[in-house]
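Next come two complexes built around chain A: one with chain B, the other with chain C.
And then the complex of A and B:
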């Protein structure tokens, strides 16, 4: 039986006790998936998994707090679930986790760039072997997974769900930790170059807050300080400084909590490389506190605790 | 840096009420000469300081931000500065990726009796900020913007923005 059939069987057996099970289905065209809320066995037929199932469904869990739901997670998504559990934002008894052994997902942005013309509406997608064939306006284009894979999958160390009630698929041997060339390249730039980059990039931002809404760790919802008038942290000015300020708010509220699922960057309609900031902050957290958000259960986020003598914080002499 | 010889820069200081603010007061009572670039904001505890206060100051045009609290283990509220130390250290390490020079932000500990140390911290930090010069703005006005502004200003009440 395929991984999908195993998953369907597993969901079918638990569906009765759950409010719903969150998975993926085909969206407006065969290339795009969209979240699916399975409430009956009829909905189960629409379920899909695979490289197009990009969304991190853990984002929805806090909205269902108090109700019993199921969720389908990839390895990276399971880290977000772990982090939510560690912060007691969800109850372990209230979620049934269907874990996948994931072979990586695609980046829609890279597919768009690799196709000869703007795809608009895709007629068909055939997935097989190490690539996929995308048909747009009668023309077929063959893309290799290696070329269109999401950045996070290139450096993924947890392809299999790290916490689950049911794990389907064949387990992988986790790859060793690596860093992304684009990240290293950006970090090596001078302050002036980085400032210029962010000024230019942030002038594109339309402050739609898609990055915040897609983030599984952003749980304040209506109480987010970005949209509060008292205190007024951000003005309505759509200037690079205000847009950057919002990202600083996002990054500092995620310090030691971000699981690098990449949802913010994926959701961004104007292609701002937000993960540059997140990955850098996570690297600092790892350096100082030896902490990786979502890596294990029963961890306390480093900024919610302290040590009287910090080994890695150098008190600067004055 | 006394105001007379060079242009004063904008340095914002967040000082805890119990130690560093007292330390600055001690320095004043002791009549220690200090640079005048620092604007002090008194907060109840260094644990009250959200790292975003510092980011907001830097984004709004501060040339430097100095944070000072009680020495670790001396916090009036027992553990405020332990949390502050972790938060401020993360901010300090995060700043380089944003293109803001991390040397524009510093945090340290000064107790209420350390007037001399306060004088030293302020002098050193102000010297550092003067070496770095005014901070580049995140919203740079172009040459054309400034020229348009200059033209409007020269027209006084007759400029288009006054109808």
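And then the complex of A and C:
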């Protein structure tokens, strides 16, 4: 049986006890997937998995607080679930985790760049071997997975779900790249160059908050500080400075919590490379606190604890 | 809002480098400021009266005073504002002395900075709102940590003042360092004769509960209502039955462990009463050396004990006490002189510390008061004292003067002559520091009447020659090198912070300085207070002190405690955290980070989890407010909007700047 069939069987056996099971289905065209909320066996037929199933469905879990739901997760998504559990934002008894052994997902942004024409509407997608054939406006283009793979997959250390009730697929031996070229390039910039880079980039931001809404760790939702007057941290001024300030707030609220699922960057309609900030922050957190969000159950994020003296912060020595 | 601004000259302290009238003129342009003036001394009676008069005449509803640090006079001005009929929190202070005039020399830059600080204060004040303190009852009981002479004095004074006292001591007996001393300067009276009665008073006072062999495990709560957990370490002896007869001590066959009370000069039995005057006079077993506890066989003490009080199964016990105030009197420890290569790093048996020498002089010491040197038991004829070992020496990170070594060295030189009339003492010193009543006369007596040879200079090395030690040093007054053949060398080791002081300080939220001594609230005006309300200091835990000063501080701390607990109710600081339940998503992050356990989870009427602050437990540290991602928990008087207003006053957002 294929991985998908295994998954369907597993979901079918648990569906009765659950409010719904969150998975993926084909979206408005064959290239785009969209979340699927499975409530009946009929819905199960629409379930898809594979390289197009990019969404981190853990984002929906906090919305179902108090109800018992199922969720299908890739390795990276499972880290978000772990982090939500560690922060007691969801209850382990209220969630059934269907874990996947993931072969990696695509970056829609990279596919769009690789296609000969603007993919307004994709006619068909055929996935096979080490690539995929995408037909747009009658033209077929063959893309290699290696070229259109999401950045997070290149440095992925956990392709298989690290927490699950049911794990389907064959386990992988992860072979992550040491680092990402885009990250190294960004971090090598001088402060002045970084400022210039963000001024240009943040002038594109339309403050739609898609990055926030897609983030599995952003649980304040309607009470987000970005839209509050008391306290008034941000004005609605659409300037690069205020837009950047919002991102800095977002990043610092995610310090020690961000699992680098990449949903913020994927959701951004104006292609702001938000993961540059996230990865940079995570590196600092790892250096100072030896902490990686979502890496294991029963961890407490360092900024959610109080210690008089941190081992790796020299407060008295200077 | 109508705000009045007062720029204080502080005599020439501020006005010397800040143009105060110009700052006052600038302040008048700030929003809501309707009155602004400069004043010579805002804190003086006419200064305060001027503030009150202005509030009344100009109909002000907020006051900014730009002067010294709020640590100095915030309370003064809050009271003045209150006398004028305003809420005391409708007041802000700009520190233009410590933050401006004392640290900058250029007048126009200073004036500009002072104006900006005033602007910050004005912007903050515009967002202040009246706050009222809550009143709460206090527990009429005092915890004294440390049973040295300072702690004993504090405990007795508090108990005599009518308060219940719990005295916690780490060692088996109270008495501290003073109990180890033979005689005390400048009167050369017997240490145990003057301390002993006080120790007995502790044991007999109906209001004092004594826990020895005990340490403070944790401290919760706040001024007036602390909850302290004390760990009573297992002594393996039931002290309710032990009569202190000492039979077990005589019969104990395990005597291979050094005796810490006698500064390791001799060995102690594994079950022991440290000294004859010990309070409580009860035996305790050292679990490290006891044969029964380490190897499971012996039990000699249990066999001889006439009241059968030996209990090898005894476990540590945790006791919780509720107290209203805490006196910390944890004292000091002696510097470890083995760091110095010039004194032999411990190779020579006849180089000893002053405290070891004290035990050799003491009639209750290992030699019964006969001075015998450790190597061969001979009576020394030439005794060399070396002062400032671990004091006034940056190379070992002890740049401070320990204060009492000059005096006890002179005392020991005098006692040496008393014990061995044909002996000769030499003292290598840097300076003689003997301020204090009868102190200088005392050191002169050592030199003039007892013939101690004082050599001004440091010792470069000590080396053995035959059965003597040659002490080579400089005589800086004669400008020569000297070599003194010594039978015994006594190092006047300095004081350092007691072991574990920093860890205890963390439990009590009392900051240690860079050498581990606790920091007082103000070096001159609040010498026994700490920055944690309800916690007071006594004795050498705050810095090296001799006995009179420690006793004085013990009484001073007791006076502070009695003053605090004499009030029927205390007022809590209203600058505490508050949850806006409409914004709270009940994630509980604040509960996790609060170091005081001041936040609990409650449910609103729809059953949603919400955070709630326990007012009296909250210390206003603000950790919860920076943890809460959506800003639902705010520290009153320091809300995000107030802080942001201050930041924006300093770095105005471009939009506002463009308008000007």
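Observations on the structure shown:
To be clear about the criterion, the second predicted complex is superposed on the first by the 308 of 318 C-alpha atoms of A that agree within 3 Å, B and C clash if a C-alpha of one lies under 4 Å from a C-alpha of the other, contacts with A are read in each partner's own complex, and residues count from 1 in each chain.
Just so we're on the same page, a residue touches a chain if its C-beta (ideal position, glycine included) is under 8 Å from a C-beta of that chain, and two chains touch if they have at least 3 such contacts.
As the structure is a prediction and not an experimental result, all values here were calculated from the model.
Model built by superposing both complexes on chain A: chain B and chain C clash.
By the document's definition of touching, both partners, chain B and chain C, reach A:233.
When the two structures are aligned on the shared chain, A:244 is found in touch with chain B, with no touch to chain C. In the superposed model, A:198 lies in contact with chain B only, and not with chain C. Of the two partner chains placed by superposition, A:139 touches none, neither chain B nor chain C.
In the superposed pair of complexes, A:300 makes contact with chain C only, with no contact to chain B.
Of the two partner chains, chain B is the only one that A:285 touches; chain C does not reach it.
Of the two partner chains placed around the shared chain by superposition, neither chain B nor chain C is touched by A:9.
Counting residues of chain A touched by each partner, chain B versus chain C, the larger count belongs to B. After overlaying the two complexes on the shared chain, residue contacts for A:308 are found with chain B and with chain C alike.
Residues 233, 239, 241, 303, 306, 308, 316 of chain A lie at the contact with chain B in one complex and at the contact with chain C in the other.
Of all residues in chain A, only 186-187, 191-199, 233, 239-241, 244-245, 248-249, 251-252, 255-256, 276-277, 280-281, 284-285, 287-289, 302-303, 306-308, 310, 313, 315-316, 318 touch chain B in the complex they form. The part of chain C that touches chain A in the complex is made up of residues 506, 514, 583, 585, 587-589, 592-595, 623, 627, 629-632, 634, 639-641, 644, 653-655.
Touching chain C in their complex are the following residues of chain A: 87-89, 219-221, 223-225, 228, 230-233, 235, 237, 239, 241, 253, 300, 303-306, 308-309, 316.
Interface of chain B with chain A (complex): residues 51-52, 55-56, 59, 72-73, 79, 82-83, 85-87, 89-91, 93-94, 96-101, 106, 108-109, 117, 120-121, 124, 136-140.
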